[in-house]
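Next come the structures, one after another.
What follows is chain A paired twice: with chain B in the first complex and chain C in the second.
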Partner chain A sequence: MNASKSTRVIQIALQIALAAFVLLPFFWMISVSLKPATEPFAIPARLWPQDPTLENYVTAFRPEFRTYFVNSMIVSGASVVITVVLGLLAAYSFSRAQLLIITVLMGGVVLAQMFPHSAIIIPFYKMMRAADLLNTYASLIIAYVSVTLPVAVWMLRGFLLKLPVSLEEAAAIDGASPLRIFCEIVVPLARPGVIATAVYVLIVTWQEFLFALSFTSTKEMRTLPVGLNDFIGQYGIRYGELMASSVMVSMPVIAVFFFLQRYFVAGLTAGAVKG
Partner chain B sequence: MTRKDNWLIWAFLAPTLTLLGVFLYYPMIGTVIESFYDTSFISPEPRFVGWAVYEKVLNSRQFSEIVWNSVIWTLGVVVLQNLLGFFTAVLLNQGLPGQGVIRALVLLPFVLPGVVTAILWRFMYDPQLGLVNSIFIRLGLFEDSAAWLASSDTAMAAVIFVAVWKGFPFSMLIYLAALQNVDKSQMEAATLDGAGALRRLIDVVLPAIRDVILVNFVLTLILTFNYFDIVWVLTRGGPQNATHIFPTKIFETGFGQFRFGEAATYGVFSILVLAVLVAIYVIVQRATANRRPVA
Partner chain C sequence: MATVELSNLQKNFGAYTALENLNLCIEDGEFLVLLGPSGCGKSTTMRLVAGLEEPTSGDILIGGQRVNDMAARDRDLAMVFQNYALYPHMTVGENIGYPLKIARIPKAERANKVAEAAGKVEMDHLLTRRPAELSGGQRQRVALARAIVRRPQLFLMDEPLSNLDAKLRTVMRAELKHLQKELATTTIYVTHDQVEAMTLADRIVILNDARIQQMGTPAEIYARPANTFVASFIGSPPMNLITGTLAEGMFRHTAGQVAVDGAAGPVTLGIRPENISVSDTGDLTGTVYSSELLGDSTLLNIRVGDGLVAAKVGPDEGRAMGAPVGLTLNRAKLHLFDAETGDRRA
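Our next item is the complex of A and B:
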């Protein structure tokens, strides 16, 4: 590195500016969530409350919020498990079978990940209505599994293509059945890909809004994003509570992401960069 | 897997293919069918009307507004997000102190749920309590607070800004991975030839990652065109339709007014746009795939 000193200074200044651009809204969200309801807002705004308190969190963690939280956990959890299992099965076939029709079908999977959700939602809604599934967990889980499967298959297939086939061939020569090879050799080796895919599905489903807004109609079935959106009308002025709720909604995904980031980033960029 | 394991191949594929067929491909066709029927709140029984809904939609003033908004929105977000993502990737690839921490922190907006992002920024933009106005006033740029989301002059720019804030980390991630694949010896050779940082960027880095830029650009075009949550929570398409784009219009018409036929017609138009974008994507991918062995 032979950049001159002044270039370095500019670069460091830019890096600090970048961090501020990204972090200031987060800082503000946390600051307001800790502001006591009695402390007035001031213009220009005070950046940090005088007496930080957790009272907003206590108030915001009301029974409805807990219901939304449980609903989100059920719907996202089930979607993650089902998508990863079905996706891994399909990805294995897509990565190992050498048939023209398989290549064509994979093209169909890639195409499906680009479908606009808003353009399919009306027939989707009518199907759910006909099956009497509106306002149930099942309707959301079906929707989430369907819309996340294409990317999941694509990520997992990219991962499986990089695994050496020689292990599977050796096991086949030893007389292991294809199903056993899959369960005992492929699945354990696929773990990093499975983790990356699970993180992807979690991030997408935890924040999904359009299907949840269209398919659920009662407070008992709302998920967190829809519930949070409802709060705007109800508690519009009480920004402290709104921000405390926002922090609580975001924490689980942010925590999971930071623990498992390296898997996710590797899984995502491998496919995107190498095509 | 050998030929006699064919049953296993299809058994593994069956659940995924069934789900995609029934819940993604069939609804795409269903939207086209739906667009030829008229439904309204008063007469909820669908009635075949041929091209009537298309005529109605195409002749409405709203349609041209929505097309125009979608163009501004999509191009604005995609161009800004890719530019910012690219320059951030270059900056965070210089080996500066604290780089690792910043790289991780920059990803935060990408993980922040869309509805949370929108609520947070609604608050940031608030005329009375928001930080954006506070900053501008403190810097002496403004005397009075502006209602960013409530004025049709500024609403679109304000919404685009939020989408870029949330979206650029994703572009950065892709560009950073691409930059790390740039041949180091080529960079060193250019440096020995006396090329400055800017020259190296233009002569070595840009050609090396051109394919990634193209593919990423088209991919973000498709994703941005389909965006719903942030726009809906920030403005619901308002004020005076200033931020209405295809997805928000479809939702409002379909689930706000239960005019499924009209919503589906908007859906068909967005499928057509998507088809064009996908065609571009395929062409770009083909072109880059053909170029790769030569490079």
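Our next item is the complex of A and C:
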């Protein structure tokens, strides 16, 4: 075995070990979700249930779950649409205008990403209360757009910087107005960036817990991550149903990510190196 | 079709002057080539005419109308870009028809015009392809078709052949010239390739350091370059420039002398390679540095004093490296330039 071959074998072994490390919690989540109520803490512990059952899924798929699911769909869907539209417009300006103020503003956008959610939740809460928006979809959508927009602008700007300006100039000479150039030339060509940004916003908003817990107070307005909390009671945790719910909550995002991962990876690295 | 007039046109980018006080009139239907090295201001001039840049001062008139404040889309011109700038998400047909779609030409009429324009550049069989599925030459043709489809009053072409290989460039050059004459549309063409400029232009404008160096027909510029920059830029291989002193009707150089009329003083003598004959003796003497057979001729590079002089001789007149030779200069084809300013002496 020559040196390059053995290096390759070590690389693959390390990659398998890393993948196993990352995937183990997912595997355990699925395993527990298929175990009967008595088995999660059985000794000796089993990696895979002796008698797999879908009982936890049947119990977890209660009416509240469906309400939470719809709420999550509305809040995440609206956040994705609003963030991508605003992000595209902002990123287009940031990528094309050659003004000092634009550079300063882009610095502001980067700075806005640096505040953790826990640091901004109290002022956010006060604003939502003052605006009488607590326990509404609007409160969550506004919060989610606020926290995802800076990264969305940064991602989309990376994509737009790679689009040749000569295409927009050609369209201008062909007779197109600036709005038409944006809609018919820039947006279609930025589609991979738009998809990557939409996936990012979906992942962030779908799993968000802190804002959703703080801004909603009734079961009718709760989203899925907060709904999972229902299985954690004062006297115990219903692990089987909790894990079954977790699997169902994760599925849509995993499916979206699985089909669109190439756009997402491209989106995070766009503009990172000189093309 | 229209005339174009550039009056005292100036463009600065901060402290950098890209174009300095340019004055130029382009006749209706003329094929004008802006020629010069990188950074000379030729592309800036074209972008100013297109409306993609705003002039710092001066006026741009198209068809007698001042267009300084007019957006690019309202100037009724078409441009072919160096990288073609085809819309990658549209088919060939959609690319060609895009200006017509914006102008709200009805679909049926649009289809006819697209087919006609595509036919002119022999691309009518590839209308459903996307640009990524085309070769460089085909993309170039699509870009041309998109430019001609709505019959604008002015064509702008920014080094449209520079991305093609040498053989295809020659073919496209001929097609471009034919198309321009057929459509009789005023054309401004930017290039740094002097062969392209010589073969395509009705008139050439040579730019350097943001200023016009010379304007004229290709034949005029070739025959009477205005200064040493133009002399060394036009011609392949370029004109030989030999520095020496003029006194008593003789140009004197360390390698010899030749009779030339003119006022005494330091001068630069210009002579094109095809106007030098090589034998054992001559006006100047030197040794062969290299001998390159070009097929129909041989290019001899001869070390004369400290510099090299190129001579284009017959295909059978090649010499061995290091061989001593004499150079006889055609008296009627000598050019005399001021040694300090580089300007042509009368």
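Here is the rule we go by: the second predicted complex is superposed on the first by the 243 of 275 C-alpha atoms of A that agree within 3 Å, B and C clash if a C-alpha of one lies under 4 Å from a C-alpha of the other, contacts with A are read in each partner's own complex, and residues count from 1 in each chain.
The criterion applied here is as follows: a contact is a pair of C-beta atoms (placed from the backbone, for glycine too) under 8 Å apart; a residue touches a chain by one contact, two chains touch by 3 or more.
Remember, it's a predicted structure, so these values are computed and weren't measured experimentally.
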**Prompt:** Putting chain B and chain C on the same copy of chain A, do they fit or clash?
**Reply:** fit
**Request:** Go through the superposed model and pick first if A:Asp174 touches only chain B, second if only chain C, both, or neither.
**Result:** second
**Message:** Quick check for you: in the superposed arrangement, does A:Leu161 touch first (chain B), second (chain C), both or neither?
**Reply:** neither
**Prompt:** Touching A:Phe26 in the superposition: chain B (first), chain C (second), both, neither?
**Reply:** first
**Message:** For the three-chain arrangement built by superposition, which of chain B and chain C touches the greater number of chain A residues?
**Reply:** B
**Complete:** Min C-alpha distance, chain B to chain C, superposed, in Å, is 7
**Fill in**
Footprint intersection on chain A (chain B / chain C) at 172
**Complete:** Within their complex, chain A touches chain C through residues 164, 166-167, 169-177, 180, 185, 188-189
**Prompt:** Any idea which chain C residues touch chain A in the complex?
**Reply:** 50-52, 71-73, 75, 77-79, 81-83, 85, 87-89, 98-99, 102-103, 146
**Fill in**
Given the complex, residues on chain A that touch chain B span 1-3, 7-8, 11-12, 14-15, 18-19, 21-26, 28-29, 32, 41, 43-45, 86-87, 89-90, 92-94, 96-97, 99, 102, 105, 108-109, 111-112, 114-127, 142-143, 145-147, 149-150, 153, 172, 178-179, 182, 203, 206-207, 209-210, 213-214, 224-226, 228-229, 232, 239, 242-243, 246, 249-250, 253-254, 257-258, 261, 265, 268-269, 272-273, 275
**Message:** Quick check on the complex: what are the chain B residues that touch chain A?
**Reply:** 1-2, 5, 8-10, 12-13, 15-17, 19-20, 23-31, 33-34, 88, 91-92, 94-99, 102, 104-109, 111-116, 119-124, 126, 128-131, 133-135, 137-138, 145, 165, 169, 173-174, 176-178, 181, 191, 197, 211-212, 215-216, 219, 222, 225-226, 228-229, 232-233, 246-247, 250-251, 254-255, 260, 263-264, 267-268, 270-271, 274, 277-278, 281, 285, 288-289, 292
